[in-house]
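Alright, structures below, take your time with them.
One chain, chain A, links the two complexes that follow: it is found with chain B in the first and with chain C in the second.
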Partner chain A sequence: MNIRTTILTLINEVAQLTDCIIKAPLTDNTVLLDSGLDSLGFAILVARLEEDLSLDPFSSMTNAIYPRTLKEFVTIYENACD
Partner chain B sequence: MPNVNFKLITEADIEQVRLWRNTPRIQNNMFHRDEISVEQQKAWFDKLAQDMSQQQFVCHLDNKPIGVLNFSNINEDECEWGCYIGDEHIMPGFGLVLAVCALDFAFNELGVISLNAQVLSSNTAPQKIHKLLRYTVNPQKTNSEIIYYQYDAQYWARNRDLVLTLLPKHLKIAIATASFNKGQK
Partner chain C sequence: MKMLVTNLSLIERLSKCTIKSPILVGDIKSVTYLQLIEQALDIRFQFPALQNSVVALRIDDPVNFITGLCAMDGFASKILVLPPDILSMQKDNLIVEHSVNFQLNFDDRMYVESQCISGATLPKNDTQWILATSGTSGEPKLISHSLESLTRTVKYSPLSVNSHRWGLLYAVHRFAGLQVILQSLLTESVLVVTQETDLQKNIQWFKDNAVTALSATPSMWRQLLMVKDIEQLKLNNITLGGEIADNLILTNLKSTFNNATIRHIYASTEAGVGLTVVDGEAGFPYTWLNESTRSPQLKINNENHLMVKPEAFLSTSENYLPLDAQGYYDTGDIVTIDDERVLFVGRDSGVINVGGNKVYPEYVESIIRQFNNVLDVRVFGQSNAMMGQLVAADLVLRDKIDDEKLFKQQLIIHCKKTLSKYQIPMLLFFKTELATNAANKINRGC
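And now, the complex of A and B:
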């Protein structure tokens, strides 16, 4: 499973776990703050991604660039994997 | 490593704060949902300088303003807090950082013995954060529209370390860097 698919799968799992409603089909341009996943959901998502991918890019960023969209979020993980 | 800094709001901040406050995502979760005009914002800020019962901070993440953390109804014993994230480029889960910093500031800097919060019953995101952090719901005040939360200083002193263990590493790092520039009113 590639990183994007893993992230999308986990977003849906975390949304169910935290009673979040994903507002519309997620696309590259979905703004994370408008996605329906809330702060607690994103905290769990990052923790789950560390477990599943052994990646924790937000703890190890030297020049932090924070994501606005789903594409930017995925790219951060893809770059961390390289 | 991220850097989180809270600075007392200045006149230079108020237009950015007004624009954030008027976005539907934030406006819809507020008690007062009317559009705020430039004039209203200026009048609010002018009054704020004389009002010792509230402190309004702009939160900076890596020196970039990203949201607001405010304390109101401040007296010797208690105060109330609220926050919102305005910038869309944000550390995932950052609302939890604001919530922990609010508790730390209220008890360590303001020195109150109780921190209160009011949340619209339709606004589920902060309700989950309050539950995770172990706030108590005040059943006497809570009604169908508004949930009233309370946290006592002694319980935060007891719970803080445990609560932090529940957070992912990047949020713990951000909390550890947090500082407040209180300045002078």
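And now, the complex of A and C:
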């Protein structure tokens, strides 16, 4: 499973666990704050991604970047993988 | 700069303010000082029975909530501030426990519900404010304050008068929310409030109303930095509190809001003291330790706990604090020294801080132990770049299971029945045994 698919799968899983409703089909341009996942949901997503990918790019950043769209979020993980 | 310590009630203090334009700007209505005072006095006039009574306040709209507070401080003997999400049963328990006489509500106008509590009203003194922590689980923790204790950190100087336009991000019924409200009102600054819960719309409202000062937890700030065009908010005063502020968030705020003064606050509620750090770096300077002229004085004990010396008047028989021989109070916060800085690590008690919300691991463990097949459990905080910490749990099961994913889902469903969302361990790990300390207790230290 590639990183984008892993992220999308986990977003839906975390949304279900946290009773969040994903508002529309997720696309690259989906604004994360509009996705339906709340701040706790995002925090859980990042923790679950660390479990699955052994990556936590946000903790290892020297200059933190706060992604605004799904594409930016996925790119952060893809770059961290390289 | 002086602290605003006085025995005057809130309405008496506000009556000294001179600004004529609206000082409370809400999405439903805005009011000037004069209107706020008039409306507060009108509530007292309409409901004289509330005088010297115990009054529960349950009002969602920020402007009406503040009006209700102004009316009741110095009028009621005790104000019980109820969070909007409090469960009916919990509310009933609190009403009995505090012998609440009346509940003040707002539903297009103020109205009062009598509570079926008999007994004489209490003698009038400084109004006591009881804040109930939010939560749909367990019994809410209650903290008693007075206007004086809530305004102890409000700094007043001629320069601070009308110098900011504060935006309120915290819920009005929370300690941090009340501090922003009082800081703003008592320094004659404008307070911009909204009932909007969508963060992006909230920020747009703040932009439209030229907000210049915001206070939030580090977790809230991380989320704010995800809002598109957040830098268009022309902030010159940024405050972080309620959680450990790390260098990453401080650096990012500085680069996003170039002209802002950034202060992070460490507060020990029990000791009634706070530290304000304005140099833009995490923790505080090592040189502050053992500095005899600093208030509060600070030191570190043998267990690496931060010790603070509260002001003498705070340690009374009513407000007892266990102090060491030199008069220092153990905050229970573990610190470490790194490169001339004293950095906060976490709580010795194991209390977990999820984005500013405290979670008591023992309570969560007691809920999990009720679930079928759980032999033992250790709940702990796992570091998280977004929320500071998340609740996690190590589980020891009685019998082997076939489907771990299904078990986790069912356990989370079980937790949802009694725990708030931020209290539920969404990170679950299966273990064969739990680590214990020399006293055979679950390891909780950081």
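We take it that the second predicted complex is superposed on the first by the 82 of 82 C-alpha atoms of A that agree within 3 Å, B and C clash if a C-alpha of one lies under 4 Å from a C-alpha of the other, contacts with A are read in each partner's own complex, and residues count from 1 in each chain.
Rule of thumb we're sticking to: contacts are C-beta pairs under 8 Å (C-beta built on N, C-alpha and C of every residue); 3 or more make two chains touch, one makes a residue touch a chain.
This is a predicted model, so every value here is computed, not measured.
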Partner chain in contact with A:L32 - chain B first, chain C second, else both or neither: both
Contacts of A:T18 with chain B and chain C, given as first, second, both or neither: both
Partner chain in contact with A:C81 - chain B first, chain C second, else both or neither: neither
Residues on chain A lying within both footprints (that of chain B and that of chain C): 18-19, 31-34, 39-40, 42-44, 46-47, 56, 58-59, 61, 64, 66-68
Chain A-facing residues of chain C, complex: 199-200, 219-220, 222-223, 225-228, 248-249, 251-252, 255, 354-355, 382-387, 390, 409, 412, 416, 421-422, 426-427
Of chain B, residues touching chain A in the complex: 2, 25, 61-62, 85, 88-96, 124-125, 128-129, 132, 167-171, 173
Complex contacts: residues of chain A adjacent to chain B: 18-19, 31-34, 38-40, 42-47, 50, 56, 58-59, 61, 64-68, 73
Complex contact set, residues of chain A against chain C: 14, 17-19, 31-34, 39-40, 42-44, 46-48, 51, 56, 58-59, 61, 63-64, 66-68
